[in-house]
Each structure stands twice: as C-alpha cells, then as structure tokens.
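The structures come next, written out as structure tokens.
Same chain, two partners: chain A is paired with chain B first, then with chain C.
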Partner chain A sequence: MRFDCVIIGGGLAGLTAGLKLQSKGLDTAIVSTGQNALHFFSGSFASMQEAPAEIIELFSAAGIKLHYEKGVRLMPLGTFRDAELSLEDIELFKAPKFAKKALVVNLSGFHDFFASFLAEGLEKQGISCQIRSINFPELEALAKSPSEMRSVQIARIMDRITDKVIREVRMLLSDEDAVVLPQVFGLQDSAVIEQLRKGIPVRVVFAGTLPPSVPGIRTQMLLKRRYEALGGTFMASDEVLKAHLYEGRVHSIATRNLDNHFIEADNFILATGGYFSKGLRSNPFGISEPIFGLDVRFDENRSAWYNPSFAADQPYMKYGVVTDASLHALREGKALENVFAIGSILGGTRPELGTGAGLAIRSALEASNQILNIK
Partner chain B sequence: MFDVIIIGGGITGAGTQRDCAMRGLKTLLIERSDIATGATGRNHGLLHSGARYAVGDAESAEECIRENMILRKIAAHCIDETDGLFITLPEDDLAYQKTFVESCRKAGISAEIIDPELAKRLEPSVNPELIGAVRVPDGSVDPFRLCAANMLDAKMRGGQVRLHTEVTGFIKEGDTVVGVRTRNLQTGETAEYFAPVIVNAGGIWGHGIAELAGVNVGMFPAKGALLVFAHRVNNMVINRCRKPSNADILVPGDTVCIIGTTSDRIPFEDCDNVAVTPEEVNLLITEGSKLAPSLSSTRILRAYAGVRPLVSADNDPSGRNISRGIVCLDHEVRDGLKGFVTITGGKLMTYRLMAEMATDMVCKKLGVNEVCKTAEVPLPGSEEKSYEDVAKKIWENPTTAQKAAASRHGTAVAAMPTGGRRNDALICECEEVSAGEIKKAIEHMDVSSLTDLRRRTRIGMGTCQGEFCACRAAGLLAKAHGCIERERKDLSDFLQERWKGNYPIGWGDTLREAEYTQWVYKHVLGI
Partner chain C sequence: MNLQEFTQSKYNFEECMKCTVCTAYCPVLQVNPLYPGPKQAGPDGERLRLKDPFFFNYALKYCMNCKRCEVACPSGVKVADLIQAARIKHDHSKPKLRDRMLASTDTMGSLARPLAPVVNATIGLGVTKSLLDATLKIDKHRTFPKYSGRSFEGWLKRHAKAQAAFPEQVAYFHGCYVNYNYPQLGKDLVKVLNALGVGVQLLEKEKCCSIALITNGMSGKATKQATHNVGVLRKAIIDKGLKVLTTSSTCSLTLRDEYPGLLGIDNSDIRGAIQIAVRYIYEKLEGGAKLEFKPDYHKKIAYHVPCHMERLGWGVFSEKLLRSIPGVEFTLLDSNCCGIAGTYGFKKENYEASQKIGEPLFNQIREVNPDVVACDCETCKWQIEMSTGYKVMNPISILAEALA
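Entry: the complex of A and B
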C-alpha cells in the first residue's frame, strides 16, 4: 500500500492535515487508535490572534460552522474566559453581563452539568438567575443503569425530542432574556442547535458538561466524514506497531490490523497527541516518543517535571518532540526529512503556535503547506 | 458542661469518646481538622496479628492478637479477614523462621509453617522464589470506617463532636485544668468548653497540646511513607520473615493494595505537611517487588506519608526500636496538673485498649463505677457479620453498587436513601458510590468538604482518583451547604490534595491521568 502522505493520529490535528492535503488532491491515509482530545473539547480554539479563513472554509465544507469574534465565553463552572475562534455552540459575548435575567435549565438526575455554579457565576456579573430542572420521562430508560446518565447518551435522546425540549423550556420562561442549557444537543448534526435557538424566544447559551464533549464528538465525526468523502482512507481502531527508517527518512510503517503489509508514503505526519493520547510515553527515567523514537525535550531530573501546586503551569506539559523551523521532527539530533510533528505532541516546544486546539490546527496547516510545497 | 472533653478525632480519640459515652459520660470531642487525618488514616490499614512484633516486642504482640480477635467481632464491617503470610526469600536467613514461630506461639498468635508451594497456591502474587512461609491471622482494616463508626456510636449515645475546631488554650483554676478555649477554623468562631477531665488524644500533635497545657510529653515523630497500587494484587497480607525493616508489608484493602513503610525521624514542624521523596518511592517499589514481583509493573495510584506518635527514647535515630506500646499518663500524678490525661503511643490495632485505659482513668477521676463493654458491643454497622447478608436483607437483588455501599456502611446502609434517578445515580464510578450514599454522608456524618467525603465513602479513592466524581460531588455539597464560593475553593483544595499524592509517582498512566485532569479542569471546566 502506498500513499502520498500517511497521518498517524485521528484527532483534531490529524484530521485537519488530512482534510487539507486530501482537498488539494493528495492521496492520504489516517491511522487512528480511536481516542483523542476532541472528546474533551471545550468548543473554542485557544490562542488564535486572527481569523483563519482557510480553517473556517475547510470546516464549513465539513458542515462545521465556526465563528470568530474577540469576546468572552461562559465556562461550565460559571466563570468567563476570553475566546475567539469557536464552534457555533459557543456564544461569544462582548462582556460577561450578557443578559439581565437568565434561566439555567438542567435535566433532572444529570450530575455532569453544574447549574448552581453557573447561576452563582452569572449572579456575580449582575445577571439575576433562576435554576429549574426538567424531568423528561424519555430519560428513564437511561436512569435504569446508574452510569448511563452521561452527556452523549442523553444527547442521543434529546436530539429525538427537540420540539418537546423547546416547548418545555418555553413553559419555564417568564421575563428572562437568556436561557442556559447543558451541551447535550446536536450529537450528529448542529441543525439541532439552530432549531433550539430559533424555537426559544430568548438568547440560548450552551454551557459545557463533564466529558465526553458532545460538540467535540460531533466535530470529530463530521471531520472524519468529510475526509472520507474527499477520498481519504481512515483506518479506525488501528495502531502503528513499527516504522522503517532509512537514511534520514521513514520508508514505511506497519500497523496492527494490516500486520503483513507495509504502508509506504512520501511523507508522514505524526499527530499522536500528548501523554493521555499516548503520543508521549513516560517512565521514572524519562519521556520518549514510541513510534519513531524521536528526540523529546525534557528535564533529566524527574523532580523538575512537576510543580507541587496543581494550579501552576506544569513543566511536564511543556515537554515535547523536537522539530526544526518547518516542523520536521528530529531523531538523534537530525531532522527526518519526510516526518512532521503536529498538535499536542509538540507540548510547549513551539510556543509561537499556541496550545491545545489552536496549536492543533495551526501546526496542521503549517505542516500541510510544507508538504504541498515539496510536491 | 461536659463530663469529659477529648482532644483529637483520630481513632484513639473516637474510641475514647465511644467508651466514655458507653459508660454514661457526657462527652465532647474536638478535632482540628477532619476525622482520621493524622496517623489513623495514613498507615497500611493492617489488622496486625502481632506477629511482626513477636520477636522484638512481646507485649505489643500480645496486645495485637487480643485486639485483633476483638475487632473481628465488634467491627466486622471495617475488617477483611484475609490472613497473612510471612515469607522468607533466598537472601533472608531461614533460621529466623524458627525464632519467629516460637515467639508468635508464646504471644498467643497462631503461626503455622506452610510449604512454599502451598503459599504460592494460596497467594499467587507472592514472590515464587520464596524458601519459607508462615501463615498468621493478619487482615486488613479500613481506618476511616472504623473511626467514623466509633464517633457515630458516641454521637448516638449523646456525645458531641466539633470538627475543624482547634484548641487554642487551656482554662485553668490553680493546678487544675477545667476547660479549653477553641476556634473554629472554618468560621473563625471562638468558644470555651468546660469539663472536669480533659483527654489529650492528639497523636503526634499531642506533644503540642501537652505543651499548651504546660506539661511535657517527649514524643518521637517517625515518618512512614507508603504507596497505593491501582489493583488488589494480593489477597493475603504479605510480610517478610525477618527483623522488621523498610517496605516489608503489602496489605490488600478494598480495591487496591498498599506497600509500606519507611521510618525516619522528622522535626515537629514538618508533621503538618509530610511529602514523599523520590528516594522513598524508589525504595518502596524495589522492596515491594520482592514481596510480589508484579508490583513492579502495576500502576501506582498515590504516594502518602504519616507520622507515628511514638514516645521517645534516647539514641535511636530510626525509631524502629521504640516500643509501639501504649502510654497513658495521669498528669496529676506525673506533673501535679489535675484534670488532664494523655493517651498516646500504641497503634491503630490497639486503639480500643488505649481507649479503655484512658476511659478507666477518666472514670476513676470522676468516681464513676462502670465497666468497659467495648470488647463485646459491636459498632454501628457491624451487627451483621457479612455485608452480602446485609445487602440481601434490604434489597431483593442487590446491585454491585448496593453491595459496595453495604460493605462500607454495614447495617447502617439501611438508612441510605435509594431508588429513583436522584438516589441511584453513580457519582463515583470507580468505587460505585451513589448520590444517595453521598447525601446520607453529608447529612449524618459531619461532612464539610470533598476530602471529608472521601474519608467516609471512598469517593475519589479509586483508579481515576476523583477525576469526575469530585465535580459531581461538589454539586451535591454546594446544594447541601448553599455556598458556591466555598465549594469552588473546596474543589481546588481537593485537586491540590490529589496532586500532592500523585506527583511523587508522576509517570506512565499516572502522568496520563494528570495531564487529562489539567486539561479538563483548567481548559474545559475553567476552574
């Protein structure tokens, strides 16, 4: 099997690179283990100083509406944060006082949404607040198993009864000019979000829940669907077992599901994420990159990996794979000429590219451009 | 006006309050922090057979085995009767086994030499290189549960408890202590309480409490570090059959197992904040893997340390040779200070005996002639022997979550609200703690924070270390206490406390979980 480019990692960074390359006519494949950071996506891309027209277009073609404004957003525990580029689920306000009077609505028996924290946070901004909870008999089936009342399971049901949700919320409204709902809508399609905003006569604000993130999972699904529609090969639930390196280049890789076939490519993009996604591996003696054995920047002295204060920035989160100016990954001090590292695996080694979801898309575009230029 | 004030909400204080209450006294217990925050909650949770002390300290060994048999009867829901092994490895002297078994028998501990092959069948995790094995009646005990049950019983008998309340001074009349001045550390409120007898059960902090009363109790703070592993690797306690040393006890407890410990003298000013060092972690893993080799590849959940309240002797830098024996001081006889008693030394295993000795002294001072019944009357929750039976009596087909709750609260689980989405929803999935159980704990068990809740329900003690359940429980606590601002701080404190036990072992899956927690709390939830 042979591709123009093989991308290892099916999260935000990998999918973005895949979409871009595939839409420019390259033949690409994505190898994905299945878990990625979109499952706990806040809905906003950090550190985007300007509107990335290219990303907005790329995502729009996938059915994902992004909007860009400099503003603040409501966080799940009732605080506000600066945000710019966001999914359509996320409302961006000029100032935290986005309403005079708000109604915070929860679903009864749902413990992963923090109505009382939200209400207190809004009150602090001078928004008077009421909390109400709606008891949907449709959720009874979930409640039978005590660990089923989680965001994604609930969204599956809520998306079937959107009209009823609108009716119930409207019945609770008196003179409020905003309503805050949990992010448990639009798992398959953001049309549900639009429908709620149209059907409810006041401003509708969605606040996050504990993971999994419904908008994050939707985003991942839509990106993957678009990628496949463009002819990309998405190898789900697969994992790279070994790589063949030869004279400063990666020649091919072998995956678990295709154990007798090598996958060759002109270029490889490594987008396997940080520690949680297993892009970086740690043991008491050091931190390593398991697929290509790339150089990782970290402190030899383990005590220096941590700040004893949880609230402080953690040094270990700054460690990552070392790259040259054009994101070629280094191995034993030398750049591998056809391997690019993008996304969280970079840790904080490329601060100019931002962090989190912002780093994922910016480094994905950067590496894709490098590859397209070579062509 | 009380008959007796007990200072210290560890197992010794709780046990003393229960004993005093059972003898008809009007009691007040004052604790600076939460229940079981000192050495009580920072040990192995080992139900000692006494075998460990048999060779070097016959008196402690005899106390242990007597109390061991008593606790099996009165605290059934806090105890797991696992039995234990003392193994000899090729590097150990097998001749020690003979001395060990003889000393055990002399102390009244059943110690049976078994074939190493049989030991491997009984406990498949044991080091297969072993050359000798002795079976003893060790077990495991949940110290949080034991402490809570003692306090609950005292309260049911009219006792009062003030948690998060610090003793700031003693009120004296001439050569007699008549009361204490206190300050609530959460509200800042001050209060005075009076009683003819005051018992100092402050563990290592008893040193400072005695100083505050104007007397000196020379104590020896000996730090011990331990590691919690994410699986219950072993089903029997595994010890080394040699002179007691570092990291030679592996105890199974609930869903996890615990290796420990070390012993190093530390300054008094460090007692409030003991951190585990990388050297201690390395030692615990290396030595622990000799007991059960699979430990070297098992995920570590947490590192923690406690301070033993030993009573000091001269010229012993490690504290290993100090008797773990009980010290009950009548300061009237010793220092001419009337109305003040110190109960210290001893250990978790002998708390009931310590409580009995202290209560005997209190009763003598008060002229009360009631006998101690704590060796016969079961603790609340322990009226039934098996939690399976308890669960079956309440629910026709108990779920695993209901069985787990019954194992934590014994018969007291009957008072827990169940049924419906509101009560049965799982808050902590690792330990299967339901919303109903949390509500019960908040209402009846003096819970003011997430960490308090953890000590009473095991919430956040499992594999994910409170990743999500902390947030869910914070929602319930906020509702119960009606103060969101306090709950925000509580949540931050909980995460900090969790990180404190995680970063000394921050690699592999622990680091993965830590990174995830950073993302979820800082970037997704926006704490």
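Entry: the complex of A and C
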C-alpha cells in the first residue's frame, strides 16, 4: 500500500498533521494502536500564547469550536490556572473571582467529581458557595455497578436528558450568579454545551472530573471523523513494528496486522507520543524510540532522571527524540530525509515549540508545512 | 537486554495503568448494568482471580468478545482475551442446550441443509419462533439465516477441474455460513478470483472455525476442531505453498489470533498466509492485475467495518477496493458495534441490549440512506438487515456484481 505520507500515531499531533495534509490534497494514512492522551485532555491547550487562524479553521471544519483569551480557568480541585486557547466547554475568566455566589451541582452517586474541594477553592477567592446534588432516576441503572459511574457513561445519559438537567438546575437556583457542573456533557456533539448555557440563566462553568475526559473524547472523535471524511485512511488497530531504511531514507514500514505487506510513503511522520503512549520506552539502562531507533536525548546518569520532590518538574519529562531545525528526526547523528517527529515524543527537546497540546499542534503544522514545501 | 520479556504475562495484564479508556468503548457496558465492564472484568479481575478463583464473576458471560476494548487500550492489554481466557478457565457450568445448538454451526448446518425448504419454512413461522423463544430462550424477534439446499463444498467440488486449470491457485476457508446458508458469497469470490486468473481450491476438509464454541463455553470441542483445522491449513500453506483466503472477518480473526491466544494452539508458521480475500485481491491489483468493471454500474454504498475486521486492522482493504469501483458513491460509517456479536444477540437475555448497542449504527445507516450496506461479517449482515431493512452485501459480492 502506498501513500504520499504516513503518520504513525493518531493522537492530537498525528490527527492535526493528517487533517492539514489531507485537506491540502495529499493522500495520507494514520496508523495508531490504541487511544491517546486526548482522553485525559483538560480542554485547554498548554503553551498556546497565540491563536493560529489555521488551527481554529481546521478544528471548526471538524465541528470543534475553540476560543482564545488570556485568562484563568477553574481546575478540578478548585484551584485556578492560566489558560489560553481552549475548547468551548472551558470558561476563561479575567480573574479567579468570576462570580459573587456560585452553586456547585453534582449528580447523586458520582464520585469522580470533587464538589467540596471546588467549593472550598471558590470560597478562598471570595465566592460564596452552595453544593447541591441532583438525583436522576436515569442514572440508577449505572449506580448498580459503582465502578462504572464514570464520566463517559454518565455523559451518554445526560446528553439524552439535557432539558431535564436544565429544569432541575433552574429549580435549585436562587440568587447565585454562576453554576459549576461536572464535565459530563456533550460526548458526541458540543451542541449540548450551548443548550445548557442558553437554558440556564446564569454563567455555567464546567469543571473537570476524573478521566476519561468527555470533551477530550469528543475532540478525538470529531477530528478522526473529519479526517476520514476528507478521504484520509485511519488504521485504528495496528501497530508499527519497524521501518525499512535505505541511505538515510525510510521507504516502508511493517505493522503487526499486515505481516509482510509493507506500507510505503514519500514521507513519514512519527507522532507516537511519550512514555504514556509508548512512543518513548525506558528501562533501567536508557530511553529509546522503538520503531526507527532514533537518537533520544537523556541523561546517562540514571539518578538524574528524577527529582525526588513529587511536585517538582521532572527531568525525564524533558527527554525526547532529537530533531534538526525542520523537525527531521536524527538517527546515529544524521537527519533522516523523510522522517519528521512531532508531539509529545519530542519531550522538552524543542522548548521553543512549547509543551503539551501546544507542542503537538505547532510541531504538527511545522512538519506538515515542510512536507507541503517539498511537494 | 529487554527486561520486559521476563516480566510480561501472556495477556499483558500488568501493563494496565487503570486509565479507564477501555470502559468508554465497551458497547455492553453502555446498555447492560449487570456487566462489570472491560477494566473490572479484565485486568482488575485478573489480579483477584490469580489470588483465588473464587473471585471469578459469572457476569463475564455478558462480554461479546467484540475486542473494542483492546482496540482502544493505549497500553496493549489484551482485555478481551483476558476475559475469554478467564471464562474458559473458571466457568465450569455446563452450557445450556440452546448454547450448544447455537454454537454447533456446522452440525446444525449439515443436519438442516438437506431439509432446507422444510427447515426454512418451519423456523420462519411465528409459532416456531415463539416456541424457540419459550423453550430455548432464543429471541423470537430474530430472523434465522436461511439454510441453502446445496452446500458450497459440493458446488466447488463439481467445478474443481475448471478451477485447477487456472495458473495461480489459492485455498478457501469458506466457513459454515458460506457452506450451509449462503453459497452465493463463495461463488462470488470464485468469480472475482477467476477474473484475476486465480483458481480456488477447498481445504482438505475444514471444520467450523469454532468461535461460537469458544464464546459459548465449549473450549474442549473448540480445541479439537481448531487442531484439526491447523492441520489442514498446514497442508495447504506449507505442503502446497498456497495462501488461504476467507470471506469472514470473524473466521479470519479466530484462525489467526484466537487459536494461539485462547486455545494455546501454535500457528505461527501459517498465520501470515491466512488472509481475508479483500486483502489478497487488493494486493493483486496493486501488483498490476486488472479487473474490468461494468461501464454503467452505479451504487451508493455505506461500509460498516465489523468489530473483528477493525481488530484485524484490515477494513482499509475493503474500503479501498469499494472506492476503486467506478460508479460507487462511498461512505465510511462511524466505528460502532452492530450489537449481534455472533450468537450473542440470538439469546433472549441479550436481545434488548443487542438492539440498543446497534442503535447509533442503525440511525446512521438510515441517515445516509445507501442502496446497500457493505460489511465483511455474516452476523452483522443479519443484524443490520433485520434492524434497518437495508440490504447488506459482502464487499466481495459487490465486486462480483460490478464486474463486466
């Protein structure tokens, strides 16, 4: 099988590159084993100090509305953090005191939402708080198996009874000027978010739950659907095992399911993520990249990998695949002509490109531009 | 040195990082509150079961073995295999008569086939269905696949000479469905392969791939049949140097992955040569072979990737072939389970869940409103046809129909 470009890894970085290249007329494929870090996405893109029009457009064509403001957002445990580019679910405030009086609403039996921490945090900012819990009979079936009272299962039900949720919340409101709800709405479509904001007469703020992230899963699903609608080939259940190199170029890759049917392409993008997604592997002797055997930057002295203080920045998070200025990946010190590395696999090796989702998007756009220029 | 070689177990259960991603994709968990879900039933439960088999939970029988949890898991945990293996190991309850009947697709087939008109008429009757519902707990809403009066094997034997004349040869694992219920699919495959200059042979004597036995708690019989099958597959693949093609995604997955994974039968020397036909045909065309299509063919096709095809990672071959037929307007349906999962949806206790699981898929099909739904799985076909009224065809049959 042959493509103009094959992308390995279907997380935020891989999908962004795929969308861009596919929408510019290239024939691309994404090969991905397992789901990705978007399933834990808070809804805010780290280190996006600007709002690239291109990203807003690519995402909005997929049905994902982004908004951009410099501000702060509410975190799951009632603290506040600076945030910029975010999904529409996320409210961005000028300052943490976003209301005078807030109503924090939980759903009976749901333990993955931290209402009391949230209320405590808000009180600290001078927002007086009330916690109320709504009992929806529709959730009772779920409650039979408490281990499954989880965000996604709940969202499936909430999205069917949005009108009822609005009615119940309105009934609880007295003189509050804001409502805080768990992020369990809009699994398929963010229209539900809009509907809640329209139906509830005060400011509606969504706060994170334990994973999986409902807005993150929606984002992943919409990006993938758009990619496929543009004619992209998404191979959801295959793992790239190795690459065939010849004179500084990769001509094909081998996967677990295709045996000796190799996938060929002019260019390859490596977007296999960090340790979490196994793009990087570590053992007591070192850190490696398993598909191409790329050069990885890490400290030879193993005790330097960790900072014993749990809350401190961890040095191992900075380790990653080494690239040249145009994001070509290096192997034995030499750049591979047609292999680009993007997203979390870069770790902290390219600080100028940012971190987290910001790094994923910037590096994806940059590598795609390189590929489009070669064409 | 790769330390993990020494620390990894067969189904990778210790790799589970408790991220809960699998629970978001399990179709059963969405509709059946009695099912503990892939994480609990799989890696979490395994930790307990290793300590004491007492912790085995009979609710594991609600797992449909659709493998969606495995497709989703970012850590490579073989969640569904863990669950099925636990059932094989710990569930010693005797399978009910109904489950034995549903699972014995080939015995039932060879009994019913000679009497096909009678059997078809009888099981089509409302009374019979209600009777089956009441006595055997086979849901009365189900339409039974019809039995064909003539088996595919018999048909191909009659054409063996002509097939042998083709310069290139493949063997075909047709499976019970093609043999007893729908020989036309096998004939369609022969038509397409012949057009590519390839002749089709039978295996020496295949038995049912046995997936239904495995999921219905009859792993002993399954192991016997699987061992037999691996023997005849070896004869074709190693002795004769042939590839073995299938037209069913579930048969392919079972022969390639469930034999070593669940029944402990080593097939590493032949696994790569067992392929679904669309892949073989795609590779032929890529290698320069040509198919002549009707100039005036026109069809709006919506393709549903069956769960097991998704697990195999081969949906791309069907998609690319269908797209390459001139006059085809193609839509790829979202990744959703149809809810039938082999014999699962036939059981009365699963009927309602089964239909609920399929709803998003059925709704999307109605929205797209295609001339035909394409799909590589026979049980998906029954489910989608019964639930939506849309006609379902295997991509191979669509290719055959479009040939000039």
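In this text, the second predicted complex is superposed on the first by the 375 of 375 C-alpha atoms of A that agree within 3 Å, B and C clash if a C-alpha of one lies under 4 Å from a C-alpha of the other, contacts with A are read in each partner's own complex, and residues count from 1 in each chain.
FYI, a contact is a pair of C-beta atoms (placed from the backbone, for glycine too) under 8 Å apart; a residue touches a chain by one contact, two chains touch by 3 or more.
On a predicted model such as this, the values are computed, not experimentally measured, just so you know.
**Q** Is A:196 touching anything from chain B or chain C once the two structures are fitted on A? First, second, both or neither.
**A** A:196 sits against neither chain B nor chain C.
**Q** Of the two partner chains, chain B (first) and chain C (second), which one does A:34 touch, if any: first, second, both, or neither?
**A** In the superposition, A:34 contacts chain C only.
**Q** On the A-aligned overlay, A:141 touches which partner chain: chain B = first, chain C = second, or both, or neither?
**A** second
**Q** Go through the superposed model and pick first if A:120 touches only chain B, second if only chain C, both, or neither.
**A** So A:120 only meets chain B here.
**Q** By the touch definition at the top of the document, which applies to A:211: first (chain B), second (chain C), both, or neither?
**A** A:211: touches chain B and chain C.
**Q** In the superposed arrangement, which partner chain does A:258 touch: chain B (first), chain C (second), both, or neither?
**A** In the superposition, A:258 touches chain C alone.
**Q** A:238 contacts which: chain B (first), chain C (second), both, neither?
**A** A:238: touches chain C, not chain B.
**Q** Does the superposition put A:156 against chain B (first), chain C (second), both, or neither?
**A** In the superposition, A:156 contacts chain C only.
**Q** With both complexes superposed on chain A, which partner does A:311 reach: first (chain B), second (chain C), both or neither?
**A** first
**Q** I'd like to check the shared interface: which positions of chain A are touched by both chain B and chain C across the two complexes?
**A** In the superposed arrangement, which is not itself an observed complex, chain A uses residues 40, 147, 210-211, 276, 278, 283-284 for both chain B and chain C.
**Q** What residues of chain A sit close enough to touch chain B in their complex?
**A** Those residues of chain A that touch chain B are 37, 40-42, 46, 75-79, 81, 108-109, 111-112, 114-117, 119-120, 139-140, 143, 146-147, 149, 208, 210-211, 213, 274-276, 278, 282-284, 302-303, 305-306, 308-311, 314, 316-317, 356.
**Q** Using the touch definition from the top, list the residues of chain B that touch chain A in their complex.
**A** Interface residues on the chain B side: 275, 278, 282, 399, 401, 420-422, 424-427, 429, 434-435, 468, 471-472, 474-476, 478-479, 484-485, 487-488, 492, 495-496, 498-500, 503, 506-508, 511-516, 518-520, 523-527.
**Q** Please output the residues of chain C touching chain A within their complex, sorted ascending.
**A** Residue list for chain C touching chain A: 1-4, 19-21, 23-25, 29-30, 33-37, 39-40, 70-76, 271-272, 279, 282-283, 286, 310-316, 319-320, 332, 334-335.
**Q** Residue numbers of chain A touching chain C in their complex, please.
**A** Its residues touching chain C are 1-2, 29, 33-36, 39-40, 141-142, 144-145, 147-148, 150, 152-153, 156, 210-212, 217, 225, 228, 233, 235-239, 255-261, 276-278, 283-285.
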